[in-house]
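Below are the structure tokens for one structure; questions will follow.
Chain naming follows the written order as A, B and C, and within any one chain the residues start at number 1.
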Amino acid sequence: MTFNFTEEQVMIRDMVREFTKKEVEPRDKWMDENGFDYELHKKLTQAGLMGIHLDEKYGGGGGDAVTSIIVIHELAKGSASVALFLDANWLAADLILYHGTEAQKDKYLTQAAQGKIFAFGLTESSAGSDAAGIKSTVVPAEDGGWVLNGGKAWITNSGVADYYIILAKTDPDAGNKGISAFIVPKDAEGLTVGKFEDKMGMRGSATCELSFDNIHLPADALLGSLGMGFKMAMQALDGARISIGAIAAGLSEHAMTVAKNYANERMTFGKPIAKHQGIQFKFADMSAEIRAMELLTYDTARMKAEGKRHTLEAAQTKLFSGTRCTQICLECQQVLGGNGYSKEYHVERFVRDAKLLEIGEGTNEILRMLIGGTVLAQK
Amino acid sequence: MVKEECKGIWVFAEQENGVLSGTDFELLAKAHDLKEKLGGTDTITAVLLGDNVSGLVDTLYAYGAEQVILAENVNLKEYSARPYEKVLVDLANKYKPSIFLFAASPIGRDVAPRVMCDLRTGLTADAIDLDVDEDGVFVQTTPNFGGNILSHIVILEKRPQMVTVHPKVFEPFEPKAGATGELITESVEVEADNDYVVLETSMKQFEGKPIDECDVLVAGGRGIKTEEDLNQLRELAHLLGGEVACSRPLNDNGWMPHEDQIGQSGTTVKPKFILNVAISGSVQYLAGMQNSGCIMSINHTASAPIYDVSHYGAVIDYRKVIPALIDEIKRRKAN
Amino acid sequence: MKILVFVKQVPDTDDVKLDPVTGNLMREGVESIMNPLDANAVETALQLKEKYGGTVVAISMGPPQADEVLKKALGMGCDESVLISDRALGGADTLATGYPLAKAAEKIGEYDLLICGRHATDAETAQTGPIIAAFLGIPQVTLCGNVEIEDGWAVCERLLPDRTEKVKVKLPALITVCAEANEPRYPTPINIMKALKKPRYTWNAEELGCEPDMIGIPGSPSSNKRIFEPPKRNTDTKYFEGEPEAIAKAIADVLEAEHII
């Protein structure tokens, strides 16, 4: 699918496709067993992918929102974990891109293009879907800086990140409007990174708990204005939900490719199982759904690139794509029969990876509340 | 060159340091087959370039050359593209051969295209078969796409019809002691190529025998999981008095050197016994080993093409069988 | 230093099939890529440029869509591209391919080093490089690994099956490079964004000054009479079945019968 890509976007797609085939897909099983792959991160940086959508003045590639979705989509065809890593990285770094001061952009975006890793910290152990219920706090310090206390849970890229964008309450009585965002370097005194979560899937992306014990931050650690953190985070999640659509489309295609190769080779009753109608019907449905995911994803990315509001569309994209991706991976596992249950044949890993897409960056339930509420209120 | 004036089958007798390449003999034998099919009137000529190489002339007769054109010059002592090109072009223009065969070796593939270009004729690359069709036309079979597709190439009007031929696809004759033929000694004038200087040469160190000289081979392919598994295959090969070899994927991933790769893009082998382990059998691999004496294959996919050429097969995960086989052979050897 | 690098578009697979009806290659669903060894050639060219300065011109001959591989070469960092495209060039054999490529090199002029991949993965002739060199009357070094430039000479490592040679060749010269020479870089986003703004030329046979009887089918001494899939062999295979130990015993029995052990 080209979806009216520019000539440059087609070239970038081809390049990432080749990169994924050679560098990413062969590492996916290793990452499932061993966790984050620093070597691959180095290669992503060398290939100029870490900052592909950042302006050239920061050392980026000068691409737009569609370009970055192309990268995530293509990477997910080889490894959902790596695509998720990049999604989480951009979710955090882009808060600086959209809300940072010129000085903050110069400092951090240049590093982002050079491969420094960013993590976005909103969720806490007692505040996931109910994001406004976070308990971490920041109070002004005497020197004009800030003091951060509390903790976070389920933070993607934690443990490997160089910088954290942390959401914390600056005005406990102001609800949503009392939340602000701060940039916290990994070596900040008082920052403790917990052990890696023993996750079901997406094991190539790191996830840990964080705890903050009187972390002293300088005045310019504040990102955006006071009290705007929650709004910034919700906007950022709109973008991240498009990325989840891209991961779902890519992972589904990866699973379908493995299943397709298997179906064309595996013989039963004297013919390849691909010649049995029961199998063909599965591929008919899966391929149609993958195309729908791609269309939703790229159309929403286009809206973002054009600067249009896309909260509803991003939620719809993620809800549809995440849900269908899990079902497609299960169907592909079924195509492989007993072998689908073996780790050697990869598809069981895809099933484990896929489930995250129905949970992270807004659960299906939260998305349905958002979409249902919006649609019913529309005139 | 005018087609009707051209006659004779030439074989470029490639030599380095006074040693003829084995492919020369394969080409001489095949030339006899072509001669017969073309009506028996063509002379089979070996063209020998070098310095002080006249001692090789009798060997060329012994392997089937009816005539040898010997061009000696101090500037032809070591191979260099442009001097060899010039001499071969001059000789071809003088004697007008109809067919000119080269080995598809580094030297053959280096010089033949230049000669072909100067003679404005055709050159078929890396042929795996040569024949004459029902119309009396010389036809070359050449692999494309790693041997998955074959082409029949013809050079209808231009002469000579030039071909580089894949090594080890034809059987040489048994050398006939005392065989003789006609020697044409050409005194050639040729300048050294001062623009091309070989500064130094370092010979590769090979472990074990070259795979095309082994009676027994154990070959591993794409399905081999780890380098430790590969070492098991090596242990097995050594127990059987042979060497370990591989198909292309294990060379591509760097586990095995190119000289141990079987296939059209590697080495063609004909051992007495070959065990293929976790090799599905691409066309180019099959072409590189299908003339082996006894072919046995272990692959967990029953439909793998390797079984099309195998005398014995076991459809099973190699990791279950190889350790058991090593134990079994050790046990029998101990008794 | 001016480097010309020749790249070819090939199908992205060895696993090609023939149409059972027409007997032609089935191209449908097969993606096209830059010949992998030509990517090594581009990498060599770019490394030499980075080390010694100069410009790199990528050249390809083929139908208009062959421009894709030139765009990739620009994305990798080449400075200019030349597409040689003309219906009159179609159906060319190696001689009639090398000729317009040599003409393009002459038209560009003042070249120092010409680089080709060792061979293309479709026809695997490995002839184009030497033919270009022969047309231009320049020396060649085939099968190169590492290459350095010293005072108007290229010093090349030549990777032969039994040995490695160090060869010095006077520029201008043509070299062909092996896969072992380097690890080709990926196009980078920054170069991709600049690629389409770089000078990109398309030349036809007339603009190259090609003699009409030297190109296309009339200029091709050799022709493809027939393409076909290799015949399948069907050897009677005796299969061993059972537990691994039983299979091992059966294999050992064969080895004894064959006097291997």
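The definition used in the following text is that a contact is a pair of C-beta atoms (placed from the backbone, for glycine too) under 8 Å apart; a residue touches a chain by one contact, two chains touch by 3 or more.
In this text the structure is predicted, and so the values were computed from the model without any measurement.
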Reported most central chain by Cα centroids is C
Weigh A-B against A-C on C-beta contact pairs and write down the one with more.
A-C
Approximate Å spacing (C-alpha centroids) for the pair subunit B, subunit C:
21
Where the centres are mean C-alpha positions, what is the separation of subunit A from subunit B, in Å?
54
Whole-angstrom distance, CA centroid of subunit A to CA centroid of subunit C, is 39
Touching subunit B in the complex: which residues of subunit C?
11, 13-18, 25, 93-95, 98, 121-127, 129-131, 133-135, 139-143, 155, 160-170, 173, 220-230, 232-241, 244-245, 247-249, 251-252, 254-256, 258, 260-261
Quick one: in the complex, what on subunit A touches subunit C?
7-8, 11-12, 14-15, 18-19, 47-49, 52, 56, 60-63, 67
Contact residues on subunit B for subunit C in the complex?
81-82, 85, 106, 109-114, 116-118, 120-126, 139, 142-158, 193-204, 215-216, 239-241, 258-259, 265, 272-273, 282-284, 286-287, 290, 293-296, 305, 307-316, 320-321, 324-325, 327-329, 332-333
Subunit C contacts subunit A in the complex at 33, 71-72, 75, 186-190, 192-193, 195-196
Under the stated contact criterion, what part of subunit B meets subunit A in this complex?
301-303
